[in-house]
Each structure stands twice: as C-alpha cells, then as structure tokens.
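Structures follow.
Here come two complexes built around subunit A, the first alongside subunit B, the second alongside subunit C.
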Partner chain A sequence: MSGPVLSEEYRDTLSELFNIGMGRAAQSLSEMVDEEVILSVPSLQALRYVEALDLFTNVSNGPINAVEQHFDGRFSGNAIIFYTQSSSAELIRHIVGDLAANESFGEMEEEALKEVSNIILNACFGCLAEVLDCELKSGVPVIITGDIGAVLKKQRGNSSVDPLVLSLSMQFSLPNKAIEGQVSLIMASESIRNLVKELERFSSLYAM
Partner chain B sequence: MKTPITTLEKVIFDASNQGMMIIDSDYHIVDINRWLVEAIDIGKIDLLGHSIFELFNFEQPQFLRRTIKQALESGLSSFISSTLHPRLFPLHNRYQNGDRYMEQSCYIKPIIFETSTYCLIQVIDVTSTVMRERLLNKTSIDLNLFKIAIEHSTSSIVITDNAGLIEYVNPRFVEIAGFTSEDAIGYSYFSQLSQAHEQQFESTIMAALRYQESWKGERSFVTKSGDKYWVNEHIYQARNANNEPTHLVAIQDDLTQIKDIARKASYQASHDSLTGLINRPEFDQILISEINRAGSATQHVLCFLDIDQFKVVNDTSGHGAGDELLRRMADIFDLYYPKDKVLARLGGDEFAVILHDTDIPQAQAISEQLIQQIQEFRFRWDDSVFSVGMSIGLTLVTAQTVSSIEAVKQAENACDAAKDMGRNRVHVYQEDDKTITQRQGDTYWATKINEALEHDRFVLYAQPIVPLLDSSRSSYEVLVRMDDTDGSVIPPGLFLPAAERFNLSHRIDRWVVDNTVSWIMKHRQEIEHIDHISINLSGLTLSNDSFLAHIVQVIENSDIEASKISFEITETAAIANITQAKHFISVLRKQGCLFALDDFGSGLSSFAYLKNLKVDRLKIDGMFVKDIVSDAIDEAMVKSINDVGHVMGMKTIAEFVEDDDIKQRLIELGVDYGQGYGLGKPVPIDQVLIVNSQIA
Partner chain C sequence: MSIGKKVLVVDDSRLTRMIFTKVIATNYPQWNVSQAIDGKSALKAAQTKKFDFISLDHNMPDATGLEILPELQSLQPGAHIGVFTANVQKVLHGRFTALGVTCYKKPLDQQQILAFINEGLAV
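For the complex of A and B:
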C-alpha cells in the first residue's frame, strides 16, 4: 500500500464513530460504578505494524496489561486495549475502590479490567456496526499481560502477512483522575479495504 | 419449547463443570445444564420457559438486559466480572457449607442455531479465587502494617535464614550498627557482625533453639566503624507447617543507652548534684572499704573541712551565692589535694577528704597551706566581696579505726575544736585530747566561761587607735582575756566562739561593759587625754533588749560622758540582724555614745548597707590593710572604703597596721586612724594609764 492508509476525511469519520462508542461505554461505566466516567479519543492513526510497534514501545516501554477481543464481520481483526501496569492498577483502584490496597494486581483486578475493557470495545464495535449499518460480531475478551513487544508480536503471528493497525489513544476521566489507555484494531489489509469501503458508502449516504 | 441442542452435545452440555444457560430473545430460559440447575437449586422444570428477569432479582437488571440484547441483536460477546458484579445470579456453592453464595464470572455470547439467535450465558464459579484474593489482600494489608511496625521499631530487627545468613535488617539496625541492608544481607549474622569472642554464641544459641522457641541474652556487637555496643537480644525461630525451622528473627535492644541511663542514675545516687563531688553515703562506703582493706602499715588521714563564711554569704546574698561559693570551694579543694584523694561534700558547708598513705604531720602541713590559700581567696558576688575562712579537723584512718562513722565523728569533733579555737586553723583529733573529749562532754567551755564570770577571771586589755593625719587624741579598744586557773591567759579566739555557740557571749559583753564603765569612772581624771574607749559587742547581744536597757542604765548611773564610750559591732553581725542593729545604734547614739562598724569589707561590703547604719567610724578590715603596700587590689579596696566612709561623714580606722610602710601608705590615702602592732600592741588596760602618765 502506498500513500496514507486512510484519508484524512475517513480518519475523522472513524474518530467521530469511536467517540460516539466511547460515549456509550462511558455511560455504561458511569451507571455501573455510580460515578461520572468520561471517555474520549483525542487521536486516531492508521499505521503499519512496525510503525505501531515503534510507537507503542515509545509510549510505554515495559510490562502492560491488555485485553484482546476478536471482531468479525464485513471487516475483521483483533482489537487490543492496553494500559501500562501502573495506569491499569490506578484505573481499577478507582473503579473498584478499596479492593487493591497495594500495588499488586491480582485475578480480581484482572477480571474487572477485562470487563471494563470489554464494555469499551463492545460499545465501539456496536457503534461502528450501527452507524455503518453492517454486521460486526465480537468474541469473548481475553486478558494478556507482558511486554508490549511480546504482546504485539503474538498478534502479528495470528494475523495476516502485512497487518495494519488502527491506533486510538483513549483517555479515562474519572472525578479526580485522568488515566491513559491505548486502543488498537489490528486488521489485515483486506479488512482495512473493506472498512474503507464501508466508510465510502457511509460518506456517500451522508453526502446525499 | 424447542431446544437447539442435539443429543451428543446435550450430554457434553450437562457434563460441563461450569454453568450454561441458553435464553431466547424474550429472555426465557430455553435450556440449562445440570451444573447450573444444581447451583440454582430450583427444579429444572420450574426454570425452563421462564424469563430470567422473573426468576431472579438482579441488582442491575438494565445492565444485564442491555448486555444480552447486545449479544442477541449485534452479535457482541461480553464478560461480566465478579469484581464489578458480585454474585450476579443467586447461586449456592453446595461444596462450601451450602449457605455461601457463589462468586461468579459470566460470559454472555451470541449463538446462532438454524435461523434463530440465542444467547448463551456461561457461569464460572470463582468463589475460591475471590476468597483467596480477599485473604491475600487482607494478608498484604496486615503485612504492610507489620512492615510499618518493624521499620519504625526502636529495636533493631534482623531476619536470617536458618543458617544465620541475613535476609533482612530494619532501619534501626542500620542506624545503630552502621551496616546498610546491602552490607548485611547474605552475610552471617553470627560471624560477620560480632566480635570474634562472641562467635561462640552461635552454637550456644542454635543449641538452645533446638529445645525452646527463643533465646535471650546480652551480648556485644561491633558497628561498621568498629565501635562496640551492647544489646539485650531475643532470637526467635520461625518454623514452617512441617515444624521445620526456616528462619531466625533477632530483636536487639540497645543496652548501651540503658547502661548509660543506669550509670547516670547511679552517678546521681552517689554524687552531690551541686558540686559534682561524691556525697556522704558514697563517701561512707569508700571509707568502709578503706578501713576493711587497711593493713597493719596502712595510714590514711581523714580531713573534715568546714567553711566559715558560708552562712553569711547564704543569708546576705541568697542561696545562689551560697551555692556558687560551695562550687568554687569544691573546685579549689579538688585542684589542691593530690589526685588519688577521695573528696566528698558531706552536706551544707562540710566537706571531707581522705588523703592516702599520709601521716598526720604531712596532713597538717597540707591543711595549713590550704587554709592560707583560702584566706587569700576572695569570693565576689554581684558587687559584694567576701573573704572566706575555714576550719579543718584531722584524724587517722588505720586498720584500728573502729568504723567509718567513728572516723568521721572524730574528724568532725577535731574540726569543731578548730572552730572553737578561733577558726582558720587545723586541729588533730587525739583520743586523750582534753579539748575535744571535754567538749564532747559538751559543757567544758560553758563551765569554764561561767566559772570565769563567777570568779571574775576575765581581764581587760586595751589597744590604741592612733590618729594618722593630725595630733588629735588617741582612742583605745578594750579587749577581753581570760585568766586560766593555772595562771596563763587564754586569748579571746579560744573562748569567744564557744561563748557564742553556748549563747554566753552577752554575759561576757555585759562583764566587759560593766567593768569598762567602772574603770572609766575610776580613772576619770587620768584619761582625759583619751578620746574614747571602744567596746566590742557580739552579734547576739544586738538582739538582746534587756542588755540594751542595762547599758542605758549603767551609763546614766555612771555619771560619765556617754561620748567617752564607743561600741564596735562587726559588719557581719550588724547585717545579719539589721533591724535590731539599727534600733540598738539609734538608742545608744541618742544617749551620746559613738559607734564603729568593725571589720568592714570582710563580709559582704555592700556600701548600700552603710546608708542604713548610722555609725561614726568605719574600721577597715585588716585583711585589706596588711598587704596594702604590695597588693594594688587591696589598696584600691582600702581607698574606696575610705572615700565612701568620708563621703558619709564617718571617720575611718585601718586595722592591722603592722609597720611604718603601711602607716605611710594609709596616711597617703587619707585614712584617719590606725590600729595594729606597728602603732601599739594590746596591753592590760591599766598600763594605758602608765603609758599616758609617762607621756604626760
């Protein structure tokens, strides 16, 4: 593929869609924890796999906690939402409360992280499917921990030859805390093409 | 109702060890596996075909409904954690007492069978995980608290493996021992940190721990910089579930500090807080052991020291001054006596010294020299200057000494005798010493003075007071002596202090007054060339009202000029009884008598007192006069006393005028009168007449 993977116009559209999804996720989370949660997607990038790897390594070098969910439909791939270990601990501490009194991140915390991430990803998938009016199913969330490079390498092994990465940085705003997370949709180039097609279709509808 | 599950899958469905439930778009249960039926504990028939929202009372039904809808309508799978949704379904875990609700995680997945979409709800029992996590969490909170306790403990704490290799040291250990964690961890607690001779403890401790849970004892360690310190140590053995020893926990309490405190406490118990010298109980202990240790050739001398001016300083300048005087005296004694002496403050102004391997003549010489040194010492407080005197009693300490109490008593009696004999002297205790033994019988002097009064054995002496600046008339100071039964004359220094002690001084004073007045009457014609006769009065007399009345009467009856009589009172006595002194002086001055303030400058010499005492003459203490030629300070003192006296309209008299040089200097300074051996020795009073008739 030469030139940008996604035109600026489509990138904006996708950003908008994800923001809507995040808004829904935030609403669900707010209800759940009985506290205001705001989620936003300040930026979205489409990257080649190696570029994404570089970017992530720069953003957070070291061990991470990630939740992976497969999605399948007109376009398919793996969505990964990941956090540095300290920000995931902080996030869960804020959402769950007193449970994790120390730095340790146990199974209960992992489960909570899995559920929160699942809500976010499902909201995004749901929004994409609804707005683009296409079918998009998702599998069950799986927790992955380890070094960012190792996590993404495993993803690469699972996907096609030259996967592309839609990368969104995401921000949780809790009443007195802002926590960063990263959402990546890793898709084969064919899937990306299908996504672009869907976006074109959506835009033409919108243009009319 | 049609179940989407075929026969084989149905078998697997029921064999699964997690809960599974299939619901349709109306949330009705289409099928449910055996595991879940058992956990719900309602018959399967009662579950099938019913909506889950009718069957169960969910805490957040909206949330669950939305999640299921997402699966059914959008094909999205969800996860519901036990953390954020505890006990979603009211399930019981029949393996755990039955009454405990099951902690569960659920997956909500869309499944498509033929043309219909169903929702599969998978329930996983995570009770044991939740319990474990809770326990872990509690444990970690506890651990955190213990960590805070250990890290802030004032005891040093060291944890080692069972072989004694250090695994942990707390900050207090680092602080005391100087080894950091890095220095200590991995090294042997027994060999690296202890002194070589302490290493034997390892086998002792390990042996003890084989039979008991802990070992405790005192032992020393060395800091990283090599300093030795003592600890009270407890070592506990930690064992695992199989009762095998795994670790040693050593807790050390620093004994160096405690020992310091104990040392301080014992120091305080054995020392006088004012002077820092040892106190009486400690001195007694030392003396007892000296006596017990004494061999046939051992000979020590016990000195009992009493400071004469202490009371005056204390009464006139306050306790602060008295305390300071005692401290200064203690310093002087400490410096003066040899290093191996034992010096103690017994109480008040009494001190004691043990001089080792010393005989009486040596001790006497040492003591006399000390008295001389003290006499030259001037104690200054604010604007007062005091001269200090002292009396010393000596006694031998040998193997024959009966007891420490007896030894101290002997020295104290000797000291009292020294005081009785006029102070500023040394007296040696002797068992056949009549002075002391009779004094111990307590009425020797009382009897002696009473006898002398009864048999009129006192005699009057007189010493001239000579004008230095002009050729006006001389005066005479009358002095009292006692004729002893053996014909010798006892000087006043011997019996006057005793008279004061036994409250007999006013009787002597009365004798002197009566006899002096009679003498003047008798020789009225022969003493016209004498300006006046001066009579000494003791301090106690000043406060004796009947004595005052007696004097007034005697003078009125005598028909002599009152101005022929002057009274001398010492500055110290006047100030100690200032109110009475003022009254005494004012009554007799109205009669026409003169007054002189004796020994001025020796006591406290606050000139301010002079304003309160209306006297005619000021007698400058001989202490300042005798060295006036060589000592600039003494000269300045004399000059200033002289000047102040003149400003206040008093005539000044210098005592101790021993030679012409002194006389000359006094003339230069403008002192009005002089008295002393250089001008005239005391002579029996009748000789005054002869001398005068000779002059005439």
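For the complex of A and C:
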C-alpha cells in the first residue's frame, strides 16, 4: 500500500463507529460496576506494525495484560485490548470485589478480564457490523500477558505478511479510579482494503 | 410552518454531521444546516445566528455537550435542542433530561433525526 492507509474521512468514520461501540460497552460496564463510566474522545491511527510497536512501547513500557479476540467476516483481523497490570487489577477488583484483592492473576481474574474485554470488543464489532450492514464473527477471547512488545510480536507471528495496526486510543475510567484501556485492531493489508471498500459503500449512502 | 428553518449540527464526527445534513437535505430541502465541529465553534455559531434546531454531541475534544448545553440554551432560547450521543448510560441521559432535552442514541438514523425534528415542530 502506498500513501495514507486510511483517508481522513474513513478514519473519522471508523473513530465514530468505535465511539458508538465503546459507548455501548460503557453502558454494560456501568451496569456491572454500578457506577458511571467516563469515556474520553477516541483517536484512531492506522499504523505500520513497526510504528505501532514504537508507539505502544512509548505509551506503556511496563508489563501489561491484554485480551485478544479474532474477528472474521468481509474483513478480518485480531482485536486487542491492552491494560496496564494495575488497571486490569483495579478493573477486576471493581467487578469481582475482594476476590481480586491483589495483582496476582489467577483463573478467576483471567475469566473476569476476558468477560469484560469480550463485552467491550463485541460492542465494537457489533457496531461495525450493524452500521456497515455486514456480519462479523468473533472468536473466543484469549489472555496475553507480558510487555507490550512481546504481545505485539506474538500477534505479528499470527498475522499474514504486512499487517497493519488500527490503533484506537480511548480511555475509560471510573470516578476516583483511573482505569485505562486501549483497543487496537491488527489487520492484514488485504483485509484493510476490504474494510475500506465497506467504508466507501457506506459513505456513498450519505454523499451530498 | 416549517419553511426555512435553521439547523445547527454540533459534533466532532464528520460522519455524524454528514448523516444529519443528508437527512435534513432530503426531507427538508428548503432548510439551512450549519455545522460545528466542537464546543467552542458551537457557542460561536450560537452567538452569531439564530437556530430553530440544534443537535448536540456529548463527547467532544474541547468540552462535553453537558458542559455547553446551559450556555447554548441561554444563547438560543427558541431553539429545540436534542442530544445525539454514543454514551447511552442512564445516569448521563438523566442529567440531560433534567435540563429539558431529549437524548437520542447513536448510530444516527433517519427515524431518530425526524423524530427529533417532529418533536420540535410540535412545540
């Protein structure tokens, strides 16, 4: 691919679809923790794999917990939601209470984090599928732990040649409890092209 | 009468502004639609022009819809204002309802936009 991976128009469209998906996820989270969830304004970047590695390493150079979920349809890829370990522990503590009183990562904590991430990621998949009028199937969520470089390298190994990273940065937080997450999609170039086709078709519906 | 109404669409998403504008242009071709990309430009537009309808986003880069709503209402007492947001949490919608505006859930569709317009025309 030459030139920008996604035009400004399509980045805007994708950002808004994620914004809607995260808004739905926040409602679900809010019901789970019985508190209002505050959302930041999302920003979306389309990056080459090496650029994403640099960006994420700068954002978080400590250990992380991540949940990865495959999606497949007219376009496909892997979605990952990254949490710092302190954020994921705090999030789990809110959901399962004292069961997660420390930052050790047992089976219960893994299940809780996978379920929350499943809700967030499927809200995003659901919104993309609904608005773009297509079906997206999602796989089971998988926990990955380690430093962010190791997580991305594992993803790089699972992807085809020339994967691209759509990085959605969106913070969600609970009052007085800074819990941050970042959602990213890793897609092969062919799949990005299919996604762009869907965005083109959708945008043509509203062209003036 | 619904001839020559003026609409302000406040949203940082180009997609949302585009959908709103298209629906209005299709159903009310004689109406005029202005757009504001954030809270600051929304207030600036509201200071310089009278609007009949204002669609307001909540989650914007420089301010939330909830933060600028009271000033918008003060500047545009005759405008029918609706909030179109992806944030569907009941507590937030309750705050908007307390300020006298209706919340609509994104993604936008023609039905919701026309419901908002009809609500305003009925007042």
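Convention: the second predicted complex is superposed on the first by the 202 of 208 C-alpha atoms of A that agree within 3 Å, B and C clash if a C-alpha of one lies under 4 Å from a C-alpha of the other, contacts with A are read in each partner's own complex, and residues count from 1 in each chain.
FYI, contacts are C-beta pairs under 8 Å (C-beta built on N, C-alpha and C of every residue); 3 or more make two chains touch, one makes a residue touch a chain.
On a predicted model such as this, the values are computed, not experimentally measured, just so you know.
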Pick one for A:A150: touches subunit B only (first), subunit C only (second), both, or neither. neither
Between subunit B and subunit C, point out the one touching more subunit A residues. B
Applying the touch criterion given at the start, work out whether A:V131 contacts subunit B, subunit C, both or neither, answering first, second, both or neither. second
Scan A:V37 for contacts with subunit B and subunit C and give back first, second, both or neither. second
Examine A:V50 and indicate which partner it touches, taking first as subunit B and second as subunit C; both and neither are also allowed. neither
Should A:N19 be classified as contacting the first partner (subunit B), the second (subunit C), both, or neither? second
Intersected contact list for subunit A, partners subunit B and subunit C 130
So in the complex, the part of subunit A that touches subunit C is made up of which residues? 9, 12-13, 15-17, 19-24, 26-27, 30, 36-37, 39-41, 127, 130-131, 203, 206-208
Within their complex, subunit A touches subunit B through residues 28, 31-33, 69, 73, 95-96, 99-102, 104, 106-109, 111-112, 114-116, 118-119, 122, 125-126, 129-130, 135-141
Contact footprint of subunit A on subunit C as seen in their complex: 12-16, 18-19, 21-22, 25, 59-61, 85-92, 106-107
Contacts from subunit B onto subunit A in the complex sit at residues 60, 62-63, 66, 70, 74-85, 105, 107, 109-110, 126, 129-130, 133, 136-137, 140-141, 144
